[in-house]
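Here come two complexes built around subunit A, the first alongside subunit B, the second alongside subunit C.
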Partner chain A sequence: MTSRTVNMKELSQIEKDAVKDLLFRIADDDLILGHRNSEWTGIGPILEEDIAFSSMAQDKLGYAQAYYTILNEMGEADPDTLAFNRSGTGEVNEKLYKCCHFTEYPIGEYDFSLMRHFLFYYSEAIRMEMLMHSTFEPLANLAKKFRGEIRYHIMHAHTWIKQLGHGSEESRARMQSALNECMPLALGIFEQSEYEDTLIEGGIFPGEDKLKEVWLEQITPVIAESALEMPDVNTIEVSNGGRKGFHTEYLKPLLEEMTEVYRIDPEAEW
Partner chain B sequence: MITKEEILTALHDVKDPEIPKLSVVDLGVITNVEIPSDNTVLVTMTPTFAGCPALTVMKEDIKNRLEEMPEIDSAEVKVSFDTKWSSDMISEEGRKILKESGFAPPHVLGNELVQIDILKDAECPLCGSKDTELRNSFGPTLCRAIHYCNSCRQAFEQFKPV
Partner chain C sequence: MSLKSLDPRVTRLGIPEEQELKTEKSPLDQWQTYEVFTQAKTGAHHTHVGSLHAPNDEMAYILAKEQFGRRSKVTSLWVAKTAFFVTAENDDELFARNDEKMYREAGGFKVMDRINEFKAKVKSEKSKE
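Our next item is the complex of A and B:
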């Protein structure tokens, strides 16, 4: 990686577009998955898990807000508007969001949510390890901060995947079936952007392919240690489209619910 | 003209709303104090946890406390991640206050990321025993984890090392 560091003003126009695209992807992932996590508040299978998922929801919204703040400094709308009124018209337009399908899926049963948590947070932790070396300083600073917090999310995921993989016949079967269900969606995290070359050449981000490679290297042994079988990722049909604005049927209702209060009175002071 | 030291002294009055004896200075979130002109102050603070909901309250409390000072007409508080907060930035005094408030202070991490092994041996703030276990790395607020002491058989909270 190059040793230059840049702030917003020093990016070329194409680099600016590339950084914005990257920021929207990771911010929208955190906003939407944060909202999904918060759906466990009050109904977690045990109190500790209720608290864990609620805390992680809060963390994720914090990350999304920080990414939207950089976007705001780069000329986009303010963070609340980006989150709750992306279209600027008060109408929900899910096509303007760049989250991957994986984050949109309903919470399902706890096995699905835990497996999603494990697979997604590993990718996020690795992304932060990469972004902390980004030449784009504002993002590198956030990545350095968030990786310490995401560490707790990973430890939580690890504990449960291992415990349930080695638990009863039912718990193992549930985790295996959740893993099979999650994998096509999880691979959609790494959907290519049209700016991959710009990001890589500018030392901003090593690219989705590289991220996927490291992710597979890291999750494969954990899955094996948890007595689960890794699906064959080469033959899976990947759930792509989210990064380009083509979403599952689940995103629009989520956005409508999440933004309902905001849209009633966008000017309200809280 | 007011000095940085006087401003920091005043900021000792502003407490973390979630740990009401701990000041924002001892918490380590004040990363810079500037005095651009005679009657104005610019304070930079860094969030503990990115999603911390107490941030806005602290920000307002800092502004209000400084504007109470006769020498200051207007105070601005800027939130920035440029200096990364870590639990190592809690002062010695802050650690003492945490303990007195019933929280185990965080382990010192240096530049390392937290490991699950070190979380297992928090010292019980109630009886001082090290025979404790981690019950949940998520607690009532983002910055607190729940532990249990096998000696005095009480649950206690630790300010999370991060």
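Our next item is the complex of A and C:
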């Protein structure tokens, strides 16, 4: 990695496109998963967990907003428009979003939501750790700012997985089947973009392959410690496509619901 | 004879031992409770902020963090099982006040008058200068 740091003006055109693509991917992940996880608000398994999970969902929406703000400074629309009216026409067009399939899936039962929370948050924490060293200053600064919060997210996820892995026979079985169900989707987080080389060469981000490698290194011991069995990631058919705008059937209804109020009157002051 | 429990709040309720419970609760129906203490700034006292349910210490800590640490600044957090806190039955009786012992109250010392007198003196001397 080079020792240079760059601000927005100093990026080359292709680097600008690469950064925007990266920002859209991670911002959309946070927006969609933040929205999904907030669906647990009020119906969480216990009051204390309901509050913690909702609070973390809100944190994710905060990250999305921060990433959209950088995009806005790079010439894209304002954060609200990017989140709620991406097409600019008031019509929902899910193809314009770059979130991975994993974030789109319905909340299911709490075992699925918790396992997704664990697998996704680890990838997010590692990504942030990597972005802290990014040559692109605005992103490095954001990553440093969110560091503490992310540490808590990881601690929360880790503790729950360990707890339920060692709970009853039922809790262990449910976590194992959630893990098996999640893994093909989770691997879709690391779908390559067309800008991988630009990001790596510019020292902006070490790339999805590197992220996946570190992620596997970190989650494997936690899964073992939780008495769960790691699926063979080499034989799994990965759920790719989200990063290129090809989504599951679940994204469009989510976006329609999420933007319903906004679309009634986009000019309304809140 | 009333029911003795590790949880002081149960003991304080004075539930008769013989009383039959109307519904059988399974052992894992409710988690135990924890008491939570937070510190507002480094060096300050940890203050009791409330209680919560958790199955063990580790879970109590992570649940308490969002429960009591998300609204205002917190620099450190403690959790401890409610059952670890010691109290006495009817402790309000123990602490009943005897009005004849006013001299024991800090407010009973007649020193504030002298302090205020001194302060006024210093102030008036300063204004003369």
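Descriptive notes on the structure:
Keep in mind that, in the parts below, the second predicted complex is superposed on the first by the 270 of 270 C-alpha atoms of A that agree within 3 Å, B and C clash if a C-alpha of one lies under 4 Å from a C-alpha of the other, contacts with A are read in each partner's own complex, and residues count from 1 in each chain.
Convention: contacts are C-beta pairs under 8 Å (C-beta built on N, C-alpha and C of every residue); 3 or more make two chains touch, one makes a residue touch a chain.
Computed from a predicted structure; not experimentally measured.
Superposition of the two complexes onto subunit A shows a clash between subunit B and subunit C.
Which of subunit B and subunit C touches more residues of subunit A: that partner is B. In the superposition on chain A, contact is made by A:Arg147 with subunit B only, not with subunit C.
In the superposition on chain A, contact is made by A:Gln163 with subunit C only, not with subunit B.
Once the two complexes are laid over each other on the shared chain, residue contacts for A:Tyr63 go to subunit B alone; subunit C is not touched. Applying the stated contact rule after C-alpha superposition, one finds that A:Gly44 touches neither subunit B nor subunit C. Judged by the touch definition given at the top, the superposed model places A:Gly241 against neither subunit B nor subunit C. Of the two partner chains, subunit B and subunit C are each touched by A:Met155.
It is stretch 55-63 of subunit C, out of 1-9, 19-27 or 55-63, that runs into subunit B when the two complexes are superposed. Subunit A uses residues 48, 51-52, 55-56, 152, 155-156, 159 to touch subunit B in one structure and subunit C in the other. Listing the residues of subunit A that touch subunit B in their complex gives 48, 51-52, 54-56, 58-63, 65-66, 141-142, 144-149, 151-152, 155-156, 158-159. Note for the complex: subunit C touches subunit A at residues 31, 52-56, 58-59, 62-63, 65-67, 70. Considering their complex, residues 47, 49-53, 81-82, 84-86, 113-114, 116, 135-140, 142, 146, 160, 162 of subunit B touch subunit A.
Taken together, the subunit A residues at the contact with subunit C in this complex read 46-49, 51-52, 55-56, 152, 155-156, 159-160, 163.
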